[in-house]
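Dropping the structure in here first, questions after.
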Amino acid sequence: MAYTDRVKQILSWYPSDSPGTLTNLARLLNTGTLAGTGKMVILPVDQGFEHGPARSFGPNPAGYDPDYHIQLAIDSGCNAYAAPLGFLEAVAGKYMGEIPLILKVNNSDTLAKVANPMSAVTSSVKDAVRLGCVAVGYTIYPGSGARNEQYEDLRDIIAEAKSYGLPTVLWAYARGNMSKEGETGIDVIAYAAQISAQLGAHIIKVKPPQDFIEQPEAKKAFEKAGIATKTMADRVKEVVRSAFNGKRIVIFSGGESKETPALLEEIRQIHQGGGFGSIMGRNAFQRPHAESVKLLKDVMNVFAGK
Amino acid sequence: MAYTDRVKQILSWYPSDSPGTLTNLARLLNTGTLAGTGKMVILPVDQGFEHGPARSFGPNPAGYDPDYHIQLAIDSGCNAYAAPLGFLEAVAGKYMGEIPLILKVNNSDTLAKVANPMSAVTSSVKDAVRLGCVAVGYTIYPGSGARNEQYEDLRDIIAEAKSYGLPTVLWAYARGNMSKEGETGIDVIAYAAQISAQLGAHIIKVKPPQDFIEQPEAKKAFEKAGIATKTMADRVKEVVRSAFNGKRIVIFSGGESKETPALLEEIRQIHQGGGFGSIMGRNAFQRPHAESVKLLKDVMNVFAGK
Amino acid sequence: MAYTDRVKQILSWYPSDSPGTLTNLARLLNTGTLAGTGKMVILPVDQGFEHGPARSFGPNPAGYDPDYHIQLAIDSGCNAYAAPLGFLEAVAGKYMGEIPLILKVNNSDTLAKVANPMSAVTSSVKDAVRLGCVAVGYTIYPGSGARNEQYEDLRDIIAEAKSYGLPTVLWAYARGNMSKEGETGIDVIAYAAQISAQLGAHIIKVKPPQDFIEQPEAKKAFEKAGIATKTMADRVKEVVRSAFNGKRIVIFSGGESKETPALLEEIRQIHQGGGFGSIMGRNAFQRPHAESVKLLKDVMNVFAGK
Amino acid sequence: MAYTDRVKQILSWYPSDSPGTLTNLARLLNTGTLAGTGKMVILPVDQGFEHGPARSFGPNPAGYDPDYHIQLAIDSGCNAYAAPLGFLEAVAGKYMGEIPLILKVNNSDTLAKVANPMSAVTSSVKDAVRLGCVAVGYTIYPGSGARNEQYEDLRDIIAEAKSYGLPTVLWAYARGNMSKEGETGIDVIAYAAQISAQLGAHIIKVKPPQDFIEQPEAKKAFEKAGIATKTMADRVKEVVRSAFNGKRIVIFSGGESKETPALLEEIRQIHQGGGFGSIMGRNAFQRPHAESVKLLKDVMNVFAGK
Amino acid sequence: MAYTDRVKQILSWYPSDSPGTLTNLARLLNTGTLAGTGKMVILPVDQGFEHGPARSFGPNPAGYDPDYHIQLAIDSGCNAYAAPLGFLEAVAGKYMGEIPLILKVNNSDTLAKVANPMSAVTSSVKDAVRLGCVAVGYTIYPGSGARNEQYEDLRDIIAEAKSYGLPTVLWAYARGNMSKEGETGIDVIAYAAQISAQLGAHIIKVKPPQDFIEQPEAKKAFEKAGIATKTMADRVKEVVRSAFNGKRIVIFSGGESKETPALLEEIRQIHQGGGFGSIMGRNAFQRPHAESVKLLKDVMNVFAGK
């Protein structure tokens, strides 16, 4: 399939990367229903590790099975499937590249509460190579007192991943020295997107930003510059702009599970604001199979402008 | 272009460096409008990481775009453009050395407040080599309880950078165990310049020093030696003298955004005091394009003695 | 200096190189009288090693001095100066990048006659980094029974040089299992240019091809395809075409010393045939200083289309 | 110059060191006015880093210049010049071994007050090799809660220095969990000298001990053994005895700046007590040039027994 | 001892070397009777290895003892003593730097005749560091079919030696594919000096050149350029010129043992021709002690211009 102009344009925003890294980035952009549109929907399943199995897979017990998720991603036409080492080990050698894989190399469980959130690096870039992944995923917690350590880990992971031609997908969850609302405040999410881009992420994943501003200095700046924050579309626009004026791929999580109409409305707003896509886990795999396939296809239709 | 006597003189102050490191130092001195004068104006854009995107780029939204800044540096005839990894990745492979690049390898966000300021090392000397940079930049916070760790990190970075022929530009911001005024006190800034030079920095960046003395012992020494601190020119002279009697390149930040006349008057004083140039970020890129090009050119005219 | 469209076009032919390597390639294209034209004239002085001092420097004894040659390259506006380790060691720390340097990492003396010509690797890529060079130079002898060993050495040197952002200039001298005429036969030179490009050279240096075809199979092919070989311009055109249809920089040696009018006529033909420039040693430095500066400037005028 | 019997005797006290390390130790003993006497006067200039530039160089502003100090050491016939990285970088490649250099690899600024004094390791043994130094210098703070970390750092530095044939000069400043008087108490200084020798230092630098005993257990021991502490000569004798019965070179700092007669009297006592020499910074370089040369020569005359 | 202008001038010819390497080069120039003159006489004793003990030490059996030679070098005021590992191991820890040592790292015995002469690398640069040497020595045989291997070994040894601040003394003996006369022919010796300089040697040792030209092409070049070769002074001048126009230190061996008057006449010619000194083994140590001391002093007097 010849590359579309849009895909070529997006790849041109990464002029310092090797052909190998760009090739894998292109694979992400050229797979599934949204192939060639420059948009992407990724199925991530790290909740088993992050929230425990019953909370994650109880609602739809088929999800206890690692084969379930990759097949769901294929059936629904996703661009990629992302998971921790174990889930990928369980399927990579069987599906052998049928859908692009992203190895989430760090993960955090919820068995111990800590003041400064910090994930464990539970697998390696070499694992990603071995499993035929097209990218690695990493999570940072801007706002955590341990963030500098995370940024430095990430620096090494990005460098190693590049050396194998793998781009990096960065989960940026603001968390730590801030209010609960602040974690999804528009100023904080936009700042997290900027940090992610400056750290060298190829694809940035943030939560949908809310109409709240955490930092007093940011409040002044938003008001002075007249940056609209009322609608989700407004806010997504600001987040995308904060990721190098839209020259980095920013995708949005579905967040906590919610009703389908509310979810699709949010997707529409993200699309309208210039978001590059969604990374949707619980809202997808916790529904029955047919329903989740339909939902993902509906989401893709939004991003396809249909 | 044949080297001027002034450039040769400046290079002679670094007699222990390899030809490779001196070659890159010369590139910084021989680029742009001030090429050959021994003076330099550098455009640094790390504020997106340090202060967040809205505060940094809201005033002139063109600055959200990574292409904007390198083009601004070229258009205005700067000696170099300095930025964190992400901003350089976004342009290095496109501009291919059209202007000397400085990779700021450590950076600090303002999402978490800490007692002892400390930046994360978010990129590496090898990244600087890969991107074709002519120097690396590093920030120390003399006064921070974590300063020794920073000095030791810096030691390794300087040594690695030298092994690739890259000089080091040191951002020295006194911060930590001192009063707010003390951070820009003449004794503290002069001391920070001395520390920077002793640590082996090739180019030292400090804030314009104010007529305030933080340390009682320094107060006595200034008085006894009759060191003038009244005008900015007086103070810059003392800072430059503190950097090996002017045998290390010391440049001054523009500091917080201010009105043009005040800014240019400060530049005149810096020039009069023997400062080697300016590193001007917010005061440049937060203005509209034409205005910032004009400002930078006016600043260069001051340093060119026009 | 803003990059010209021609320089940007040439750099676009190397899309898989790192920004660092492209930056140094750009430095070669943007220095000296021909800066920005996409043409280059390089002064190489390896004859002291290759032919001995009296044969090389006897005609103009100023050339015994290592300072002479780099100054000649500067005075005449060359793009770069190329030499073995010793000559560069003697000047690099003194000139500190005043003109781009190319370290010829392998060299061959003529004290022992061997069946299969083979140079010794007398310096390293790390030496080139230490001395602030913008490229490394390497010589292959296609036709030598030892050529495969040379190609494999070169493979490692190109890879190491790239890791430091250094492009490779390849001296391709056909020599060995062929007739004396064959060494400069059009089929052989074109073939050597093709091999050089396939080996990954950024800049290829060959001798001016003569109207002679060494290989019977080539003779048939030239005839069948109607490739003109009568004039030097015809032959240069074929050589350049053989270097990826002109998408690799091919420059031509001046060859043995000859009279100025003949030399300039040859240059005109090379220019007419699309050659990217000249690398001229003996014909330059064996003349008295003023005469050689004039000659090099005349050569540059030809390539500048003046 | 043939080695004197005294130099040979001193070197015989280090029978387990390599010829390389002994060679450099001998260089220290065989340079300057005191060459061959077994005595040494060293000029150390680390005060710019330790106390700030105005306090250090304000009294004699010529000292802002790095060239000033090495030239002062040469002019006055010192055995060696010791300084942090920056000051040595600024002169090593220019003086090329004209006087033995000692790189002080760790240093502490006074911008932040800390409970447990600890220097940063601001340069490396490899830097000392690169700069042609004959020894490395290191500071420990016996009494600091961080002393064990310092001893362990030192262990590695001594071992690495030996691998390059470099002896170690140890600055032993008791500081931390003791009274202000205790820092220069005879028991503490003697103890610090013993620790230094046990840690493997080749040359030990302590402050002139005062007639004060910090530790009750030491008080008893001094009294019981009838160790005289009344005169400086008495106390120096005890300190030297504590450094392996005089089989390690112990030199004494000049301490805070004081009047010349008092200073020379102190030197006489140190000499009388068997001290091996002085390491004199502020008392030297803060005087006008002629005066400081005279002072240093007077000091050397004392140690030369003239 | 302050450096003389001549020593500073000579050191300025090595502008790309580290301060450490220049410091050791200066030690060679600043030791012994000729200290500061820019001339040097070195005592080399590798004949035990190269020719066997009886041939070497039979004439003066004191020479069987390793202590004999270093003491001879000291007694006669040489700049340095050069020998293979064993001889240096036997004295370095005893003399501890009393005279600069040069470790000859490769050596060749005469027990097996080979077509292509090649020495074994019998010790390492690290040995030189451990023994406190100021330089390493290496032998190449230009003309040997194995010369390329030697040049490549040398490349690595020079690079490693530089990393420890050690310069390299190169023994260049043309030997192999040439006539017996050719080995000391003026063209060959001059060519060997040029090759040595291009390979990066700091000090070059060749045999006194004879009035014979080996290579036909060289013969033409000598004649055309009118290079005088009649007297030894003429020929030495050409050899020195061939070593970067006199910007590399070239010293001459005494060659086979001969009568004192003839020897001193040769030295006078070498001095007159601009040679930097002599490296004299057999002619020194095979004489009785007093006689050899006298001879060496007479030689030094010639180079001192007395």
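A, B, C, D and E are the chain letters, set down in written order, and residue numbers restart from 1 in every chain.
Criterion: a residue touches a chain if its C-beta (ideal position, glycine included) is under 8 Å from a C-beta of that chain, and two chains touch if they have at least 3 such contacts.
Every value quoted in this text rests on a predicted model; they were computed, and no experiment measured them.
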item: If a chain touches chain B and chain C alike, it appears here; value: A, E
item: Shared interface partners, meaning chains that touch chain A and chain D; value: B
item: More contacts between chains, B-D or A-C; value: B-D
item: Rotation, 0 to 180 degrees and nearest 5, that superposes chain B on copy chain E via CA atoms; value: 180
item: Most distant chain from chain E, judged by the mean position of its C-alpha atoms; value: A
item: Distance from the mean Cα position of chain B to that of chain A, given in whole angstrom; value: 36
item: Computed distance of Cα centres, chain E from chain D, in Å; value: 40
item: Chain C and chain D: spacing of chain centres that average the CA atoms, whole Å; value: 57
item: Residues within chain C bordering two or more other chains; value: 18-19, 92-93, 130-131
item: Chain-chain contacts as defined at top; value: A-B, A-C, B-C, B-D, B-E, C-E, D-E
item: Residue numbers on chain B that touch chain C, as the complex places them; value: 2-3, 11, 18-27, 74, 92-93, 96-98, 129-133, 163-165
item: Chain B residues touching chain E - in the complex, by the definition given at the top; value: 15-16, 18-19
item: Chain D - residues contacting chain B, complex; value: 48-49, 51-55, 58-59, 61, 64-66, 68, 84-94, 107-114, 118-124, 126-127, 130-131
item: Contacting residues of chain B [partner chain D, same complex]; value: 13-17, 142-145, 147-149, 151-152, 155, 159, 174, 176-178, 187-188, 190-195, 197-201, 215, 217-218, 220-222, 224-225, 227, 238, 241-242, 244-245, 247-248
